[in-house]
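As structure tokens, here come the structures.
Both complexes shown next keep chain A, but they swap its partner, so chain B is in the first and chain C is in the second.
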Partner chain A sequence: MKRRIQSPGLALVTALVAVFMMVPMVLSISAALVNNYSQGFASGLTLRWLVQVIEIYGQTVVWSVAIAFACVVGNILIGVPAAYALARNPSRWAKTFEEILTLPVAVPGLATGLALILAYGTFRDFRQSYGFILVGHMVFTLPFLVRTVAAAFQRPDLVTMDEAARTLGANFTKRFLGILVPAVLPAIAAGSLMVFTLSIGEFNLTWMLHTPLTRTLPVGLADSYASMRLEVGSAYTLVFFIVVLPMLWLLQWSATLLEKKYGN
Partner chain B sequence: MKTSHRLMLLPVVIFFMAFWLLPVSRLLLLPAEQDWRLYFVFLTEARYAWSLINTLGLSISVTLVTLILGAAVGLYLGRRQFPGRQLLLSMLTLPLSFPGVIIGFFMILLAGRQGLVTDITQALGLGRFSFAYGLAGLFLAYLYFSLPRAIAAYAAAAQSMDKAVEEAARSLGANRWHIIRDVWMVQLEPTTSACAAIVFATSMGAFGTAFTLSSKFEVLPITIYSEFTNFANFALAASLSITLGLFTWFALFLTRRKETVSGVANQ
Partner chain C sequence: MATNPVSVDIQSAAKTYPDGTQGLKPTSLTIEPAEVMALLGPSGCGKTTLLRIIAGLETVDSGGSIRFGERDVTALPVEKRQVGMVFQHYALFPHLSVAANIGYGLKVRGVERLRQRQIVGDLLDLVRLQEHAHKRPTELSGGQRQRVALARAVAAEPKVLLLDEPLTALDAKLKESLRDELAQLLRRLSITAVYVTHDQQEAMAIADRMAVMQSGQIVQLGRPEALYRQPSHAFVASFLGRINQLTRTSEQTANGVLCFDTFTLPVPSSLGPQLMVRPEHICVQPAHTPGAPGVVSARTFLGEKVQLKVSLPNQPPVLVDCHGDVLWQADDRVSIVIDPKHLLPFGDSL
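Up next, the complex of A and B:
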């Protein structure tokens, strides 16, 4: 039997969209590695743009990773206990609070950035520190962690386990750290990866909050796009991919793992 | 609520009050301190009204095209089995993690002053045609940003679509268009409304992309940014941010699904 392409229209649209999505990525990666973008591969391959990026913008990469990590740790410390409290209280008040907590995600980062500057712009030391960017990122990413973890805390078998440990005489701190938190570790991991990826790529909020001395990777990217040659901008973009993509793959992998474990 | 639960919630409450609720209330009240009419500046001053209309028009058209293309690709990849399908799907959803600035830069590489399309049009004798810095560039960049989200959502939804309904419709004599309208679109409705809200809200608030392209086509986030930075017009910037925030919040509010955290992505 002759093999016929089913739904040729959809196949064509898929092919066109795929070309549209791929071409810029290929362009950007190749531009990072050639001597001259206009002349293309004929100008020869080089690593000097990457070296130049590390020299000029290396610090922004280090700071971005540091902020993303701090953001994860900070959000776990305040978010996990809160997720538990919200999961155990199905009251209207708790629901409303959870709703309010997601508001920073529903309004553009620009507005949150503006609000933070209006409120804290005069606290000079704070304004000029990376801490200012960190609190912005934390507020923006907190709902992702809290909601993911709260959903995991709602599992009925956890309530049973908690009851069993209590009848055996374990106090709350022991039960929380020894039983409940380990039981939701996959959710914490998934939420953390989400927080990490969001923080490291954050621009809208960060551009408002940054100062010439506190710059992150995306802020540096925007700067290089505006003021450097295309090859340098491309090399910097490649650095972003190298830092972020492994995180993203880990995120997808852990999400599938989670679904296999708890999904239905 | 138990005392221990209250204590566990306390750090988040304090943190959230200090670094979001308080600053945002300040932002909300700022225009009133000057003149309450400032809240309606998006209606009363032509420049800001146009900026809002531009942004709305752009976001609505990007949303429509994203839904059509995203549904087509998602349906194709979600329902067909062919070698390399998974790889193609992951390549198409890869840009999910790219900040908007990178997408803006992609457009410059594609159709900027030294861009690929620009070189091709010159080689074809059509002159150096660069569309990156105008409406077309902005539209394509927003589309690029939104498509991976739509494709991922539709592919997942298409995989879980009930094939029996389609079979039944077909055996009852439904033609292709009937199946699209009465079977596919109905089953994909939740995905469509959730996707539409996210894409619309994200496009409305997109700052990085337009900023990188330093677009000639003025959108509201750029207006807000320049009022704030170039003219130090804080109350006005606050007023326009409130307008923008209400639009994005309302779009998401209309189609919110309780179990997912949906929101403005970082365009």
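Up next, the complex of A and C:
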């Protein structure tokens, strides 16, 4: 069956926007794979820039992924109970607390980074570890998880489900872990996906918190853009795509699966 | 299942919310062992509040007390009260199978696995859902879900079963069949039950006794038939079915009559000046036969019966239920016959 294009004008605008957005990506990827960007494809294709990136910056990729996963786990451990507490507490304090929690999203990452350094920078071992960057990422991404999950906990059907479990004799721990958390799993998955995405690409806060020995992928990226050949920088971008995109797809797929299984 | 049904004794239970509104005025009510008590009333009458107080989901104002049999449960949290509750929108656990939903109460109470499986199997038989045991609640119809909810509520042999408008979310036809099934199940389980509803037919079909509530208090308590036939208040009469109101002058009251123009009906003075009569207790006869003269102002065909609205001299118009094959039409002149024994006093105003 042939589909008729209902509005040619709209289709043209869509196509133009798509091309406009694709061109930089294609150029960036091609720059990573040619011998000399100024000569274009005539200079021949190579993988040596990719190899060079992996040699110099391979560690940053591993650490970025590790931090993003740790950030998700940490935020789930702190954020899910916090979301429940906020959802069940009708007081003004809870509202205020939620607003404060959201502040790091609005405040420039640089300022948050500086505040963290002022407060905890004197703990040398902590300051020089990846843990310091992890804390920064968690402060920044926590509200995204808390808000998504708190909204799920507030659903009236969850309140009744909680009451039903209580009448059946379940104590708080059993209700929370056995009924409530599984019921909000799709929201936890959606929130985690957001946390992972934000953490893996976070630059501004990390740039303040990093040390020469603790660098993440985006910080390394900035370094390569500033000090290396254009081809190396582009190869680094390509590495980012190759590593992160499959992970995002995997997470998205598991979130959809959870939604199908536990969503109602 | 429940071998020793207990009574529920509520003494001056009241509920005042933090904002000062009184959801329930001090209420006392005793429910006999294995009795099905319906709490009936319009929304906001306090019936759900009373149910939640019995469950322990709401605290009772100081001075009130709840006893299950000999045991004072006023201070017990809901988890320890051993109640079973069925909710309006089922409140099933979506991530658990039907069997796991039914067995949840047994599992959290640490009942032995083999025994769990046995009880769940028996209950699946009872609610006729054996072949759905491994499905998730979302794969079931509304009626099936509510049967799962009932099985889950009674699995751990609660002392008291509480049902909060369990049929409201179902469509009319399913509601009726599940209603009769529920009435049977409750008798078979022989369990003390409290059934909240705003549907008077549902309450009458299911309950042994019912408490009609309005504005946070019980207005009248009794067997459904008694309440329908001898309502003590105009509110109860009108809530349990349609009712006509008639008035008479103080002179007529004193003389023990009710006058419709030239026609006079003997009605004892003791019934007072305000009278009520149900539509099915009024007869329509051809004009000029003995009776109150009236004119049909509207005719509604309802299948098995026809409802006529008849205008009467110096009385408000009355509704009359007639057999489905009567031929009276609007503007026909008719004669109205009322047997005085069906006239009800208006009762105290609330």
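Please note the rule applied: the second predicted complex is superposed on the first by the 225 of 264 C-alpha atoms of A that agree within 3 Å, B and C clash if a C-alpha of one lies under 4 Å from a C-alpha of the other, contacts with A are read in each partner's own complex, and residues count from 1 in each chain.
Rule of thumb we're sticking to: a residue touches a chain if its C-beta (ideal position, glycine included) is under 8 Å from a C-beta of that chain, and two chains touch if they have at least 3 such contacts.
Note that the coordinates shown come from a computational prediction; the quantities given were computed from them, not determined experimentally.
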Larger contact residue set on chain A - chain B or chain C:
B
First, second, both or neither for A:146, with chain B first and chain C second
first
On the A-aligned overlay, A:222 touches which partner chain: chain B = first, chain C = second, or both, or neither?
first
Contacts of A:50 with chain B and chain C, given as first, second, both or neither
neither
Name the contact category of A:61: first (chain B only), second (chain C only), both, or neither.
neither
Let me test your reading of the model: by the given contact rule, A:133 touches which partner, first (chain B), second (chain C), both or neither?
neither
Touching partner for A:94 - first (chain B), second (chain C), both, neither:
first
Per the touch rule above, chain C residues touching chain A in the complex are 55, 57, 77-85, 87, 89, 91-95, 104-105, 108-109, 137-138, 152-153, 156, 162
Given the complex with chain A, which residues does chain B contribute to the contact?
1, 4-6, 8-9, 11-13, 15-16, 19-24, 26-27, 30, 69, 72-73, 75-77, 80, 88, 90-92, 94-110, 114, 116, 119, 144, 147-148, 151, 201, 204-208, 211-212, 214, 221, 224-225, 228, 234, 237-238, 241-242, 244-245, 248-249, 252-253, 259, 261-264, 266-267
In the complex with chain B, residue positions of chain A that touch it
6-7, 9-11, 13-14, 17-18, 20-25, 27-28, 31, 37-38, 77-79, 81-82, 84-86, 88-89, 91, 93-94, 97, 100-112, 114-116, 118-120, 135-136, 138-139, 142-144, 146-148, 151, 172, 197-198, 201-204, 207-208, 218, 221-222, 225-226, 230, 233-234, 237, 240, 244-245, 247-248, 252
What residues of chain A sit close enough to touch chain C in their complex?
157, 160-161, 163-171, 174, 178-179, 182-183, 185, 261-264
